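Next come two complexes built around subunit A: one with subunit B, the other with subunit C.
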Partner chain A sequence: MNSVFSNKRDILVFVLPTLLIFGAIVLVPIFVSSYYSLLDWNGIGAGTFIGLDNYVEMFTDSRALLAMKNSLLFAGASVFIQLPISLILALILASSVKGEGFYRTVYFIPVLISTVVIAQLWSKIYNADYGLLNTILENIGLGHLAQDWLGQRSTALVSSFIPTLWQYVGYHMLLMYAGAKSISPEIFEAAKIDGASRLRTALSITIPLMKPILKVSLVFSVIGALKVFDLIYVLTGGGPFFTTEVPSTLMYTTIFDTYRYGYGSALSVFIILECLVLTVVINKFIKSE
Partner chain B sequence: MKAVLKKSILILLAAVFVVSLAACGSNSSEGSNTGDNGGKITLTLWDQSVGNTDPSAKLIPQIVETWNNEHPNIQVKRTGTTGEQYKTKIKTALSANEAPDIFYGMGGGSFMQPYIESGSVIEITDYISDETKSKILPGVREQMEAGGKVYTLPVYTHIANLYVNTELFDQAGAKVPTTYTELLEAAEALKAAGITPAVLGEKDRWPGMYWFDIIAIRQAGMDAVKEAFQDPTKWNSPDFVEAAAKMQELAKKGVFNSSMFSMSYDEMLGAFNAGNAAMMFQANWVNAGIEDPSSATKGKVEVVPFPVFEDGKGTVGETFGGSSDGFYISSDSKHPEEAYQFLEYLSEQLGTQGFLMGAGLPTWNTEHLDTSGLSTLDQAYADLMGQATAFIPWFDNVFPAASAETHKNLIAQLLAEEITPEKFAQEMAKLEPTELSL
Partner chain C sequence: MQSAEGTVQKTKASSSIGKILLQVFLIIVAIIQIYPLIWLGFFSLKDNSEIFSGDVLGLPKQFLWSNYTKALSDGNVLTYFANSVIVTAITIIIVLILSSMAGYAITRMQWKFSNATMTLILLGMMVPIHAALLPLFKVLSSLNMLNNYFALIIPYVAFAIPLAVFILGSFFRGIPRELEESAVIDGCGIYRTFFMIILPLVRPALATVAIFTFLSSWNELMFAVTFINDTAYQTLTVGMMSMVGTYITQWGIIGAGLMVSTIPTVIIYLLLNKQVQNSMIAGAVKG
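After this line comes the complex of A and B, so read on.
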């Protein structure tokens, strides 16, 4: 068996089917999109080659720039709000608390629910007329705080971030939990014998040993934030007045509502490049530490 | 070992190619799906009627079944997909040259125009017999033939009017408005009684556009609107600035619900049907929902023409709506003649039976039909159709796609007081002209 895995040709046999499928449904469309992004094309008939004009437009169009800013803000919120919450939950669960399995399941449930359902759920929570949030505020005497959460500039963006952060907390928690659980119990015993407190154990032993899994979580979280689409699309559709627009919702409206396949393709290429660059940066950053 | 390996690679590659070829094969035949089996052909039909309360969703399968029973050699296979997803699906299929033989297309302009220009759908002018023409209502026929070339037959039409919840109006002691001043007075009275005067689902943006468009028609008159479509600089004129100012005034005075920017179209219908607001400006496709046994407002709703303006040039007969969506034949179809036969049958059957079931207003001759079973709202609409002197389709269907988006976004900004009426008119003047016959 060992000789099979050391032979390059044998490896090829096993890798080839997946490579072909991956190439056909991922790599080829990326290259085709890159080509479309150089065209002024309405999706039917022939497009006109316009070089990098779509990209120039993208970086001068205030709507596209706002969408990019929003997605970066979202990535920041994922890293600095979502991941710490996941980490704390994972550390608590991994330290053999009572009902470990129960809490693990409960926190993971939002991940299993379809994003569209989550978006509908939260749009009912935020609803200005009969929403849960406003009803609670009114009942505890904070009625003056009740407002149209998704319908005004000042609150729409934050309100649409919260459901996604909430939904994926459980996912990252599970990754980190698995990472923490895979650390050998002997190390913890040694720490206990040395008299280390729970906090000291977490900071000096668990977290450093979880570094590989933290890196994975970080990459997933950032990329997930950059290409978020379904939740925003259902919750606000990018509105009001583009306040909650992200590159993927802008790409969708550009292609399917205004028939600008070239410009939409340029946006999709931008999303891919943005994700690739940030993944490389994160990997470099964590390695050099 | 080496020989075995070589062989296995070859077999694997062969298998991959066979699978991929098979995949391609089934793909290309799915598009037209017109296998000849001893003179028997199959036509594919795509439409967007699947909703529970949508009468067309019940009718289309019935019509297809009757046709299939009567024409054993021309079998029709129908696929229905819900609204927004249907648009995406049909656009993708048309771009990939995999469109079905016959498909539903939104009429009036921007949706079908690119496909008509690129030759993705066939022209049916020569297929239409004089007998068929005589069955189509005169006004509709005129509109259909205005461009010289015909691509679709009318099914039914829709017009927008003001829905009024009479129970809430009585509660507030308000009078159903016939002028702009009366509209403001009624709104004041309703607000004083703690009732939301009008409900608007501006999250989807087109419901707000309906309000602005009718205000523009009432303020500037239909002819001015038609001219502005051909020469957009005319949007920047005192009449349209005044229309924008009136629209903003309505929002400022709290005529609409404060939650309009987070409310979707469906939620708007829900709120109106539940009796949470006194007015709604929508087209007759909402009738079925209001008349539904589950609706709290059933029997309490009246439909009236949108108020006229004391200082406006528009008349009460100038009607918003009237564009006819229809079915189109893809140029990929291998049997255009048979497809046309079915198209004609489907359009007439759906147009007449759909009218009787409250799906839309008639475009085909309905003299031979028994209309006594129609709901009160539908009967009121029949009268409104009779009073109508001129029609103009939904503006977002008339504008080219990108301009339609801008138009809707500008109206949302106007409602939120982010732009002034003057700025609105200046931005409207930058839109693309449209050459479609209206």
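After this line comes the complex of A and C, so read on.
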């Protein structure tokens, strides 16, 4: 028995292919990127070693700082706007309302759709001349509010946040719904017998018991915001005038449009570290017992 | 007594008003979530004169299916679609084979570094694909492997492995030892035990992993846009971007392309919605 399950050669056959692919594609590139980030290099020939200069530039360059600020604002919007909406929807659906399954299915659909499609769709929604948003505004007599949502600095950033918030509301709703549903019904019965109102029950029983899943949602929405790429890349490309730039799009254009491989790698290392640090911080900050 | 009944009726009345308001709220949210997609369906069937005459909101006057044939043939959407199917299908198969074997060896076979290996692989869940982009691009271009299905398949497999090993591993843990023991007593080797007895038992986990991998590779953009620039190998995400560039003002054709790349996902979801929802939950609640 033991010999069958501890044969070294068999174990190697089972594990090695996975470890090789995983190591070569996921782990090794982190070290390679870290090394690149110390170079001044345009991808041709050998780069020059410049120490931490790329990082110094990153924290002094106004374009990079703006990108970081934007992604933090985006994370803030996800946490303080998107998650509360998801939570409210989850609590309503978990309290066995009519049509629970239908609503859950419908709210979740945007989550599955490719961000490229979502971005193209929203660029049509925002279109200044024929877009859905301006047409609706005109139809309800608010035509004076119609504007070029993505084309002007004052509205571009907020307009580029909204599609992602819209898309993932259903995702966090589903996670929180599952969390709320996993609470034992006896607890709710006890609360009912004690005469607790629905709101009271939600605030003092359901939400505290959902802490583990709320933490997962918090981590996912923050990390998702920090590494957002697809939506901005397709929707605005970081424009107009870098107003909607985020670290990922800046990294991408730095590497593939201006061929500054070293600086671009520094940005990618920054994104990884930022995600890692915030994951650890959130997990430390909210201890789920 | 009477007054007590009165209050009961009153609370009943107010709670039914509350219920109606709640339903109205839920329906409004449903419209916000779904109407943009319905609108996409509408304008994919319209011609420019209808869209640009200010009637963008409603049903098409007549269904212009030629937008779809144009998108599929002239817009190359058929090619992109086929490429996405090929890349996604091969990715899913490889992920299922590799990570079920690795997950099994880590959780059920006895060796020194099994826990360390699991920890290492799980760490991978926190790594964004950004770090791999440039190093992989350099390697692929020096190997002349850009514009090749495997330029996408291998990275997609690698980044799907951590979650897949995690999900499958936790299923393997739940299988009673006796099953393996009796298989071995009956003379099965490790390979027969694994493929004939254990794997069929974890079918739900395999489905979860397949759904997850489908979504991530079908929708992936950053690698696809970087590693592939030959139309013959472009997947839907990249293809959509070039199509939008080509048909910049022809919303109908663009809309048709977007619909074609979305419909498979929506069909899979409507057929398996419970399973898809459970997969997404399983993917999140990873530790």
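Throughout what follows, the second predicted complex is superposed on the first by the 265 of 289 C-alpha atoms of A that agree within 3 Å, B and C clash if a C-alpha of one lies under 4 Å from a C-alpha of the other, contacts with A are read in each partner's own complex, and residues count from 1 in each chain.
As a convention for this text, a contact is a pair of C-beta atoms (placed from the backbone, for glycine too) under 8 Å apart; a residue touches a chain by one contact, two chains touch by 3 or more.
Note that the structure is predicted; figures quoted are calculated from it, not measured.
Asks: Just to be sure I read the superposition right, which of the two partners does A:Leu214 touch: subunit B = first, subunit C = second, or both, or neither?
Replies: It touches nothing on subunit B or subunit C.
Asks: Does the superposition put A:Asp10 against subunit B (first), subunit C (second), both, or neither?
Replies: A:Asp10 sits against subunit B and subunit C alike.
Asks: Quick check on the superposed pair: does A:Ala64 touch subunit B, subunit C, both, or neither? Answer first, second, both or neither.
Replies: Neither partner.
Asks: Of the two partner chains, subunit B (first) and subunit C (second), which one does A:Leu83 touch, if any: first, second, both, or neither?
Replies: neither
Asks: Which of the two partners, first being subunit B and second being subunit C, lies in contact with A:Phe256: first, second, both, or neither?
Replies: both
Asks: Go through the superposed model and pick first if A:Val222 touches only subunit B, second if only subunit C, both, or neither.
Replies: So A:Val222 meets neither subunit B nor subunit C here.
Asks: With the two structures laid over each other on chain A, which partner does A:Leu165 touch: subunit B (first), subunit C (second), both, or neither?
Replies: After superposition on chain A, A:Leu165 lies in contact with neither partner.
Asks: Please work out whether A:Tyr233 is in contact with subunit B alone, subunit C alone, both, or neither, and reply first, second, both or neither.
Replies: Touch status of A:Tyr233: second partner only.
Asks: By residue count, which of the two partners contacts subunit A more extensively, subunit B or subunit C?
Replies: C
Asks: Considering only the touch criterion stated at the top, classify A:Tyr36 as touching first (subunit B), second (subunit C), both, or neither.
Replies: After superposing on A, A:Tyr36 lies in contact with subunit C but is clear of subunit B.
Asks: From the superposed pair, tell me which subunit A residues show up as contacts to subunit B and also as contacts to subunit C.
Replies: Touching subunit B and subunit C on subunit A: residues 10, 13, 17, 24, 43, 129, 256.
Asks: Across the complex, what residues on subunit A touch subunit C?
Replies: Touch residues, subunit A against subunit C: 1-2, 4-8, 10-11, 13-15, 17-19, 21-22, 24-30, 32-33, 36, 43, 89, 92-93, 97-99, 103-117, 120-122, 124-125, 129-132, 135-136, 139, 166, 169-171, 174-175, 178, 213, 216-217, 220, 223, 227, 229-230, 233-234, 248, 251-252, 255-256, 261, 264-265, 268-269, 271-272, 275-276, 279.
Asks: Which residues of subunit C touch subunit A once you look at their complex with the stated criterion?
Replies: Its residues touching subunit A are 19, 22-23, 25-26, 29-30, 32-34, 36-37, 39-40, 43, 51-52, 54, 56-57, 98-99, 101-102, 104-106, 108-111, 117, 120-121, 124, 126-128, 130-136, 138, 154-155, 157-159, 161-162, 165, 180-181, 184, 189-191, 193-194, 215, 218-219, 221-222, 225-226, 236-237, 240-241, 244, 251, 254-255, 258, 261-262, 265-266, 269, 273, 276-277, 280-281, 284-285.
Asks: Spell out the residues on subunit B that touch subunit A in their complex, using ranges where they run on.
Replies: By the definition above, subunit B touches subunit A via 5, 8-9, 12-13, 16, 20, 87-88, 91, 94-95, 114-115, 117-118, 120, 202-205, 257-263, 267, 271, 276, 401-402, 405, 409, 412-413, 416, 418.
Asks: Going by the contact rule at the top, pick out the subunit A residues touching subunit B in the complex.
Replies: Interface residues on the subunit A side: 9-10, 12-13, 16-17, 20, 24, 42-45, 123, 126-129, 148-152, 236-237, 239-242, 253, 256-260.
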